[in-house]
């Protein structure tokens, strides 16, 4: 199985133990899967964007600050994976394709201003013809409303791509940026290549095979 | 003045004389402007995408075929500009920023799958804090409906960014891909950085200064 | 066995099915051979050279236009080979050597102005110490005169390198560029490293093992 | 005058206004000086090193985490300098030399594990034959003992390179890492190329010309 | 076992047979070891440094002359190792890490001015978590005094890192550059990562496994 | 005037003073000319080729050894030219074009196996549309026979390209490699782009302007 795992930048926010992710990836590789990892930027990204804004940087350069931090996170994960991972972080999809062709885990951060790391992950899933794009985030999956605003929000174990798109478009919280899953570019890639998406809590990564089999909490988003 | 000129790939479709564009750019530079050029792919791009599709390539790889052709067009223009242009075509916004910092015209094609060269041009306009993003296309500007379907379509000499967005979203022709100006990613960049856009016919490029002053046929899109 | 296959640019001229070449390469790899592929430019190269000439480009830059198109063809083949091929097209022999050292099929276009892709293929055959340099072209092999001018031209199933050199030097058609096999630089490499050359029709690539064994129409060129 | 300015990573520790440094560099350039800037990593570097250590990374990889953060700081400064700076952060002295040859300010972070950014700055000063290597730090200059431990510590306005070396070697605080100026590699470069060093408070950077003329608080370290 | 072998530049001084080193590396790889090789510059490096000095080059540029020659030696060894080695010489530790991640022998020369190839070898040993850093030199191991000055010098088969450091620091000959083993930067890396060092004659490389087992003349330097 | 100067590798053979070349280039640049320099490999190249041969390297790899040495010579010259030269040696014509577009002197060695540095120089002259390709060698110009074999050989102050071609083809000494000026590839480039060639003694480089004006010993080769 080919898996692309997109890890929220929040995972890197504190200085605590980060071994869950490399351990999970190692487990997946040892069971014969091919894995690509995409890391977000988190609070360090926001810190540098804030400094950049105070210096009058344009939006593209601000995005680049965040992209560099996401690559720093990617590099940390690649070094922790040691001999399992390609020893460099790609800076574009073309570099990703080059590195990926050599058989190792490739860990990547952002590619380009104007798009989220979710869009990067969707592109990577498309280019590798992945079985699943796994979005490892801070909630348990896709809800019918924002679980952080509405305590009654219901987890949806199975959603169609079209339904997810509708939820994302109507949700106020999306506009406010508090409940980000897939930005429009990521959504467009997911749609055009009919990529299956699995949304789950980053803490569940070490049981990902169970989650995929359906015996763990998560949402699966499928074309039909 | 800083100008980013996005040239439709159709400009490169036949083997005819291509000197209009380099001549126009040379004129602008000689009058003290800084210029970046973004080239589309045109029919050669479509030919390679079609071959790729027959070979079963995934969507990301198909997009890369088109991107390579757009870079070929960019390289042709750069070589024609000779000593005015940076002697290499950037393959990402980061490379664009590096080359641009050296004071020459930079000619670029596509950057990445999943986005149009219009989005590339918007990113470049944002990163250079350009005065105008010029969309040099096959029609005369922005119309209230598709001029190729509706002979009564009216050219709009001045539109707000919000109005353009509405026109693009409601136009059937956009969905059919026959009347492309700005894809959603390009639109988002134009909005967030309040970039002024000038839409005009590629044949008018050699009178671009007039067009900007208002004495030529075109549409100007402004934030307010 | 190590094989370098040079494919005529004409192979890419129409938009038709291009699966013969990737299928042939896959077959060879699956039977334990190591394969490098070198692609020519074809009519798209000629189109861009023609545009460049109308723009007054110098000869070196015109050659570069053709080289870029040959790399585009190489990239198409690499993407079609998928996980069998190194995911990037080398732009020099040094890059070829780097990519080749990693065990995959490497697909390359032109390297440098002033030399044909046949010269590239000869260099690649030399650097990889290939068993055969296969020239996959539009005729069936080496003839005693140009088969397209002379209907009586006789196919030579076995030629020495010295004989081939004499045929190429005396042939008027070589000067006219209509019957190209090996330019002088390619010839020099073939001679100095005593490379065995097999000339055959590109349509026969899927039976290349038979052809090498002698049970297919082709010409074999050997040092003595 | 050619100046290499090494800025302590602490400068980037909080999210506050960072305009002092770009403003100072702009002032120097406008007065005809050539400037290179070397940035340290600060607390973000320490955060990532700490995460890396919890993941069992080797010392070289841990150093690389810090180097990446120092490059992030360098990129922030380069973007803020806008058209004054080369638009990319070099990753080795060889890249620095390439970028520097193009006449712009070059901003760099760390180069390689096993050495401090002070050593990077000394190398850069050597390669550019700089008039001064300016160490912009959190104290006012070189003291006869550690000013943060000993309130009686006396600022030394003029020191010989040999004296500085003796102070650094005998100081307990150096071993504890709390009063770092020049590590042994930086010291060796400074000695062999007889580089003049100016140590001053980072807050004084906008009056650097005065400081160099002797009318500002600082220490000047000279070969004899 | 993972081995980093640092070969003295003197090995490349004459035009004689150089097959000992590639043969030894091949033997080690065939017995299941992973090997990195670091080559010095030798007399060709000194020739170019001397030419550079006559041209008034700065010390950093002079070091680069030597580094380029050491890379030339590395490239020679890589080409001789053929399909065992990664087909390119890394120019920094980051490139080394990238190339190393692909499973081949990596051959490297110098990385950066201001440090010896012994420091490069120590960094490589640290980054690969090598079992031994092998210093293949022109003497038989570590002596209690310089064997070329003192015929009574005694070979020390086992030394602690601390003892070696003391010997290197007190030896007059070190200052004179005639008996180089580890410069201060190399020593620092060896100490901080507790790397085991084996010093032996370059002529003994083809019996390195015996030497490691203790049945060959050499010195082993260990942390305690 | 645009000049490409090809300097024989013999210039770098001994460790003596090498200041003639950088001084001559500086003089040309100060008088408003644009200059590119191409350096040969010389005896160090032959030493490494000889070592490579004893190691069984293929011809392409042997050529690469020589190319690396010619780049080392190029780097020495670039460093000596200091702020006049682009701070990196290009490794292909495409890199040369990129570096050249930035207005500095570019110093280059070999590009690719299978061709001489004279061919490199011809390519560079073609790509820069140079006024003269200057071949700075160990004899005074073009002779009617080899001046080192025949003491009666007559210097030809003016030759047509066609005459030079005939001399080179009929000369026995060319085959023996003792009297090399232009190999067939270089000759082909010179012909197709009608490049004017000036052959003179490397010792005359500091009076090159006089030589071009006709008041110094040299041969000028012109298309008609």
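By written order: A, B, C, D, E and F. Residues from 1 in each chain.
Here, a residue touches a chain if its C-beta (ideal position, glycine included) is under 8 Å from a C-beta of that chain, and two chains touch if they have at least 3 such contacts.
Predicted, not measured: the structure shown is a model, and the values here were computed from it.
Q: Would you mind naming the chains that touch chain B and likewise touch chain F?
A: Under the touch definition, chain B and chain F have C, D as mutual neighbours.
Q: Do chain A and chain E face each other with the same patch, meaning over half of the contact numbers show up on both, or with different patches?
A: Different: fewer than half of the residue numbers at the chain A-chain E interface appear in both copies.
Q: From the centre of chain D, which chain's CA centre is farthest?
A: C
Q: What chain is the most remote from chain F, judged by the mean position of CA atoms in each chain?
A: A
Q: Which option, A-D, D-E or A-C, should count as the same interface as B-F once over half of the contact pairs match?
A: More than half of the contact pairs of B-F reappear in A-C.
Q: Please compute the C-alpha centroid of chain E, do the same for chain F, then give the distance between them in whole Å.
A: 36
Q: Roughly how far is chain C from chain E, centre to centre by C-alpha average, rounded to an integer in Å?
A: From the centre of chain C to the centre of chain E is 43 Å.
Q: Quick check: how many Å separate the C-alpha centres of chain C and chain F?
A: About 31 Å, centre to centre.
Q: Which chain D residues sit where two or more other chains touch them?
A: 61, 64, 94, 97, 102
Q: Which of line, ring, star, complete or other matches the graph of chains that touch?
A: other
Q: Who touches whom among the chains?
A: The set of touching chain pairs is A-B, A-C, A-D, A-E, B-C, B-D, B-F, C-E, C-F, D-E, D-F, E-F.
Q: Spell out the part of chain F that touches chain E in their complex, as residue ranges.
A: Residues 12, 15-19, 22, 44, 47-48, 50-52, 54-57, 61, 64-65, 68-69, 71-72, 75-76, 79-80 of chain F touch chain E in their complex.
Q: Which of the residues in chain A come into contact with chain B in the complex?
A: Interface residues on the chain A side: 58-61, 64, 91-94, 97, 111-115, 119, 122-123, 126-127, 129, 184-185, 188-189, 192-193.
Q: Can you check the complex and tell me which residues of chain F touch chain D?
A: 83, 85-88, 102, 104
Q: Spell out the part of chain C that touches chain E in their complex, as residue ranges.
A: Chain C residues touching chain E: 94, 97-102.
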